[in-house]
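Mind looking over this structure? Questions follow.
Should a chain be cited, it is by its letter among A, B, C and D, assigned in written order, with residues numbered from 1 in that chain.
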Amino acid sequence: MDKDIPTSSTWAVEARGIEKTFGEMRALRGIDLTVSRGECLVIFGPNGAGKTTLLKILSTLIKPSAGSVRLDDIDIRDKPAQIRRRISLVGNQTFLYDNLTVFENLKFYGKMYDVADLEKRIREVVSWVQLESRLHDRAGTLSRGLQQRASFARAVLHDPSILFLDEPDVGLDPHASAMVSEILESINSGSRTVVMTTHNLEQGLELGDSIIILDRGRVIYEASRQELSGADFRQIYNQYTETGR
Amino acid sequence: MNGKHALRNGILWGLGFALMIAALYMVFIYVPTEKHTGIIQRIFYFHVPVAWVSFLAFFITFISSILYLWKRQTKWDAIACASVEVGVIFTTLVLITGPIWAKPVWGIWWTWDARLTTSLVLWLIYIAYLLVRSLATEPAKGARYSAVIGIVGFIDVPIVFLTVNMWRTQHPTTIIFEGGLTTPMLMTLLVCIAAFTVLYVLLVIQSSGLKTMEAEIRRLRIIKAE
Amino acid sequence: MNKAFTKIFTIFWKDMLTEFRTREIIISVLVFALLVLVIFSFAFGTGADMTEMTAPGILWVALTFGGIIGLTRTFAVEKENSRLEGLMLCPVDRAVIYWGKLAGSFTFMLAVAVVVTPIFLALFNLPIFLPRLALVIVLALIGFASVGTLFSALAVNTRARDIMLPILFLPVVVPVIVSAVKATVTVLAGAPWGDMLTWLQIMIAFDIIYLVAATLVFEFVVEE
Amino acid sequence: MENLGYLLAAYTVIWAVVFGYILFLQRKQRRLQRQIDALKGSIEK
């Protein structure tokens, strides 16, 4: 794996004028955002605000109708393979194959990313998400919470420098959610950059170095952690997402 | 439509109209009746140009589809799709006039001859093209998928033709042209081909213009929704 | 290049492993193909004179429709749980994904043919060991898989996806079906190699053309 | 001359279909133009 991150820019994620139209629906109408290396950006917003579409564009899954994205200072259109090696996405779908065991799933994705010393790395990530005891169970037999943990293990297998998380704790019971929170707190450690969307205001505020609120395809509010300290964010959130509705 | 386009279209319509009148005159009055098969041979002068236009249409779709995937300009998609529409209509005409011609000459409606069978297979492929377009979950996807079908469908043409030719060999041309293609016959054929080609161009301009209008409607609806 | 091969094999092996566990594709396709074989035999009769002309047709109808059932699953599996997104995130050329899935669908179809063909030959009292027929089957199934994998990826993203695949697939593979039937006729008649050469050549040409074309356009089908 | 019926049938089909298609295109164009005008009108307001 090539780890040489170019240092000409301080931005890990830099998006300019992102627009996306699906048929007659404008999902995104000009998004600009930047995330510094090693920081965590949390994206809030009501359902249908365009959060998932934005994450899919940032992670190369969807091409924007207009605008450009640079990750680690490389335009994602230029070297998709190089970009994909550095990033990862945890969606509300786990991408796991139900009939393969957790181990086999991890082995499959590990090989696709050319992970060196794969079995050792699998043991590492599995112990990180505390899934050792279920390693050889089929993914389909795991509960939603456990599957989500396996999905986290899959996502960090190739040690991505940028991680995209799309509502990682949606549909989880409180216990599993707490577990995921723990994982989330440790995921941002080191130089890893995280961009995540969530409905969970408390959790998002705790993790985010900066936050933005997305509504109807636009960034309607942005602030850093310092700017927010002491403010009643829930009030701000409600105020911003309800005006004009 | 600006003035330049209107002028071009006017000239094309005029030319097409004149050519069609000339073609009708040549087919029914000018050209002598062919000796062996009689008056029915006159279907030839329209059947062949219609078949030519349908192949031309799918070829244009093939080229526009490549250009669309390469350049991603909607005009190429509009041309590709309009050309398939016209091509399918003309292929339908080939498949109808072919049997009408075959029945009095050979006493059978359908013959699995290479040309007719290739037309039938093409018809099925491009019907699928139009279906995918209308059943795609989103217009942009429909455009991309149909471009792919426009490419892989067209490269099937020579293979299908070759295969069917090997499979059932029955050559209608040898029967029609027993006396060779005389000069008046050739002249008539060429005028008819020219007339139908101009008609094809006109129909594609008209039909792709509608695609552009549909895109404009989508754009306006977005603005209105703001 | 070597890495690309490893990854093609990784995708292929993942599909094999899934199939070993459930056997859902092989079993359903096999049962379906055998049913087609039996029903068509009832419909056309199995008299000695019929055998020569209709038997190859029956075999290829069974393998073609069985193949379609299998191909429908090729990308339907990846669509569940958004696994295709997981694959698309991998740092590999999109052509690698095409070839991995292609290898899988080809193997499934071949496995079905290996069972169906001897049963077919036995039902029609034909010699069971026919190496030339094996060659015909391999060439035809490569053609099916090359076109089928591409259209399978396309069809899963349309409404009415189950019906879309056969509508797209069947007209395009007409040359393969015609050649396979004709070549099978010559094999069963015990005719010399030269008689089937034309048909083998057409299938080889088809296979090469569609493998290349599909490799080139596959990315336009899977990208969003 | 006994095949005149077939000849006429073939020509009739060709012209009927071509004119039908042209008619269809023109009606569609008029319909779309009305929609565009209506949309433009409602946007200007």
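The rule is simple: a residue touches a chain if its C-beta (ideal position, glycine included) is under 8 Å from a C-beta of that chain, and two chains touch if they have at least 3 such contacts.
Since we're looking at a predicted model, the values are computed, not measured.
Chains that touch both chain C and chain D: B.
For the interfaces A-C and A-B, the C-beta contact count is higher for A-C. With every chain reduced to the mean of its CA atoms, the largest distance from chain D is reached by A. Our note on geometry: chain A versus chain C, Cα centroid distance of 39 Å, whole angstroms. Distance between chain centres (mean CA atoms), chain A to chain D: 52 Å. In terms of their C-alpha centroids, the spacing between chain B and chain D amounts to 16 Å. Along chain C, residues 223 each make contact with two or more other chains.
Chains touching one another form the pairs A-B, A-C, B-C, B-D.
Taken in their complex, chain B has these residues touching chain A: 138-140, 218, 221-222, 225.
Against chain B, the residues of chain C that register as touching in their complex are 147, 150, 154, 157-160, 164, 167-168, 170-172, 174-175, 178-179, 182, 198-199, 202, 205-206, 209-210, 213-214, 217, 220-221, 223. Across the interface of their complex, chain C is touched by residues 69, 121, 124-125, 127-128, 131-132, 135-137, 141, 144-145, 147-149, 151-153, 155-156, 159-160, 162-164, 166-167 of chain B. Residues of chain D touching chain B in their complex: 1, 3-4, 6-7, 9-11, 13-14, 17-18, 21-22, 25-26, 28-29, 32-33, 35-36, 39-40, 42-43. Interface residues of chain A, counted against chain B in their complex, comprise 21-24, 26.
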